[in-house]
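Sharing a structure here in structure tokens format.
Think of it as A, B and C in the order they're written, each chain with its own count starting at 1.
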Amino acid sequence: MSSVLYDTPGPRAKRRNILYSVVFLVAAAAVAWWVLSQLSDKNQLDWEKWKPFFTDSRSWTTYLWPGLENTLKAAAISMVIALPLGAFFGIARLSDHLSVRIPSTAVVEFFRAIPVLILMIFANAAYSQFSNLSSDERPLYAVVTGLVLYNSSVLAEVVRSGIQALPKGQSEAAYAIGLRKGQTMRSILLPQSVTAMLPAIVSQLVVILKDTALGSIITYPELLAAIRPMSAAYGANTIACFTIVAVIYVIVNFTLTTFASWLEKRLRRGKKSTGAVLSAAPTPDGAAV
Amino acid sequence: MFDFLEGYDLLGAFWVTVQLTALSAVGSLIWGTLLAGMRVGPVPLLRGFGTAYVNVVRNIPLVVIIVFTSLGLYQTLGVSLGSDIVNTTNFRLAVLGLVAYTSAFVCEALRSGINTVPVGQAEAARALGLSFGQVLTLVVLPQAFRSVVGPLTSVLIALTKNTTVASAIGVAEAAALMKDMIENEAQLILISAVFAFGFVCLTLPTGLILGWVGKKAAVKR
Amino acid sequence: MKRRKVTAAASVALALAVTATACGGSKNDNGSSGGKKITIGIKFDQPGLGQKTPDGTYTGFDVDVATYVAKQLGYKASDIQWKEAKSADRETMLQRGDVDFIAATYSITPEREKKVDFAGPYLLAHQDVLVRADDNSIKSAKDLNSKKLCSVTGSTSAQNIRDTLAPKAQLQNYGGYSECLTGLENKAIDALTTDDSILAGYAAQSAFKGKFKLAGLKMTNENYGIGVKKGSPLKAKINKALEKMVADKSWQKAVEANFGPANYQYEPAPKIGNVVK
């Protein structure tokens, strides 16, 4: 293990590292001990409260799976709608015509500037006032609307930078052999940039998945919202429910994140590609910079 | 036309949003830098901790973290963060949750910034006999920070928007007020437009100003 | 070749995600007997009144009342489709005809009567506070001024506290009542406020047995009615059913079964049409 930032540890540095490790371990153990003893004081570690997740399959079939299904459903629908919409706006922003470029830039920048939660609250209220959706369907529509509005503008930026990341020679060569702008975009730039954008798109899926949890605030019955009826049914094991739900989120999202960075590495190694690969590195709102 | 605003403290709500943003920004910059230091540092245990922290935290929805600070830390563990007033405690808990979440992204941005600093810089610093701490704080981080103003701006803008999630534990910021107003007033479109405008006012200038700063600050290579 | 493999992997992942959700989407009613159905709106998360159990069945006083009424209207228990009626959605659900009637801690108020009709009332509840069993410091609404109260964002109970009952009380608002219970148990919060019938349901949960009690403040009158669409002929039929429920002691049995364990001093069965102001 070597790094440019520090020398390979000699005997003294090794001793010091061990000292730091021990100090950190002691501190971490102290915190953990305090948390656990507080929790057990408050009866939160009672087997009663955790048992349902391990011995009662109904806790999964009645509460957690349906919640997770709704989470995945909202995320998948949003992604499927947001991707083409994002591609459209991303390409529109690259247009040579001011009349196309300016409105699309305005739309993208506007929806990137507004919190998803605000968009969801608005969509939920708007659907209940101006539409005929039933109360079961409305929250899903509102969640998807919020996510699509926001994420299509983020994906527009991904698409735009994906296309811009291609070497200039690609489009120049295309023009040189007589292709038109539309043809260049369709048959030269887009196919190549799609592979370049894949990691960033998969990471954006993680962002969408996490944001579906905001749906619980507007009463969409997703995974986080499953906690309330579940803890009411199992005698207020709120902490246990929260922990299980958090673990589920981490597992699902970690799988996606790992897939994204595997994809990125894979693409960067690939010899045939143009070498332009958009990073899967996440920002809190997923906007590729 | 705007008489529906009467009786609501719109500026107050946005002021809470600004405060949440500013305090969380400072906090996550500090904690995020420490995390980045751990992740590139020589102590394997700390490296492992930093990696685990980032991978866990950035994969949990922010709402879960924020609600957990209230239900877990405050209600169950009794951590009230030095205040006896419910609203103050909630505000501080929200800042804590936002810092915990955002610092994972600050850490990742900084780490990629550290990677842009030429290897020769650190090698030269080590050749001079500087320790890891000195290499990091005197040579590498100052250059890294200058190259990540852009990514950090994205993080800051995301943070501004993420403060809306604090409404989940009853912090009276903009989104909470908006929900309240929509329930009690009829002008849905106008109300939403006002709040959308408020957030555009907060985030767009931030992006523009820091974008300019980023260009100025970037190390020309 | 390599690139094609990666693209293939990505499309497989996407296909998986789509099919997974497609499976999730197609969970319809369990399609039992082909007879006529009735759809009833209830709460899903309020123990003692309307709660979805882990088996996917429903229990609570509202559920018992609704089942009895449905039976009188000629529907078997298996003909009932339960639907969650969240507080904010109730009027819209009735107006749109999503449900035939709603029994979901639905207080009769003049504003609501403009939009929907109410049968009943079938229970008289009061806004009250739930406190720890050893806490005797709350004797009237005024005592709440120095306390930390927990309620649900946007609920009428929270508004009552803020506007008239105890304006100086500190209010902690969450998305649901169950969140308040943890804090109440651990003394981060002094009291949880809403209708006493709802509070009784929480106090009766086995995990909280003996830990909480109702302060018995009776701060407001909440007449629970069964909501129907404006002008619906169901109203008269439901009223008749409710009268019968009280007369044949089924009402009493339901109240005892659902509120008994909580030591809840429920009011006697209200007279149909008699809304207590």
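Note that a contact is a pair of C-beta atoms (placed from the backbone, for glycine too) under 8 Å apart; a residue touches a chain by one contact, two chains touch by 3 or more.
Going by UniProt, the chains are A, B = Amino acid ABC transporter permease; C = Glutamate ABC transporter substrate-binding protein.
Here the structure is a predicted model, which means the values were calculated and not measured.
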Exercise for review: Name whichever of A-B and A-C has more C-beta pairs touching across its two chains.
Suggested key: A-B
**Study point:** Distance-to-centre winner among chains (Cα means, whole assembly as reference)
**Key:** A
Study note, to complete from the structure: Between subunit A and subunit C, the Cα-mean centres are separated in Å by 34
**Study point:** Chain centre separation in whole Å, for subunit B relative to subunit A (CA means)
**Key:** 17
Check your understanding: For subunit B, which residues are shared contacts with two or more other chains?
Key -> 67, 71, 76, 78, 168, 179
Practice item. List, in ascending order, every residue of subunit C touching at least 2 other chains. Key: 88, 175, 179, 182, 186
Review point. Which parts of subunit A, given as residue numbers and ranges, touch two or more other chains?
Key: 42, 216-217, 238-239
Practice item. Please give the residue numbers of subunit A that touch subunit C in the complex, ascending. Key: 42, 48-49, 52, 56, 58-59, 62-63, 66, 69-70, 72-73, 75-77, 79-80, 128, 132, 134-136, 194-195, 198, 202, 216-217, 219, 228-229, 231-239, 259, 263, 266-267, 269-273
Point to revise | Residues of subunit B defined as touching subunit A within the complex | key: 40-46, 49, 55-56, 58-64, 67-68, 71-72, 76-78, 101-102, 105, 108-109, 112, 114, 119, 122-123, 126, 131-132, 135-136, 140, 150-151, 154-155, 157-159, 161-162, 164-165, 167-168, 174-175, 178-179, 182, 188-189, 192, 195-196, 199-200, 203-204
Point to revise | Sites on subunit C touched by subunit B in the complex | key: 88, 148, 153-154, 170-175, 179, 182-183, 186-189
Practice item. Mind listing the subunit A positions that touch subunit B in their complex? Key: 1, 3-7, 9, 13, 17, 20-21, 24-25, 28, 35, 38-39, 42, 44, 109-110, 112-118, 121-122, 125-126, 129, 206, 210-214, 216-217, 224, 238-239, 242, 245-246, 249-250, 253-254, 257, 279, 281-285, 287, 289
Practice item. Show which residues of subunit C lie in contact with subunit A when the two form their complex. Key: 2-3, 6-7, 9-10, 13, 17-18, 20-21, 24-25, 27, 44-47, 51-56, 83, 85-86, 88-89, 92-93, 96, 98, 175-176, 178-179, 181-182, 185-186, 205-208
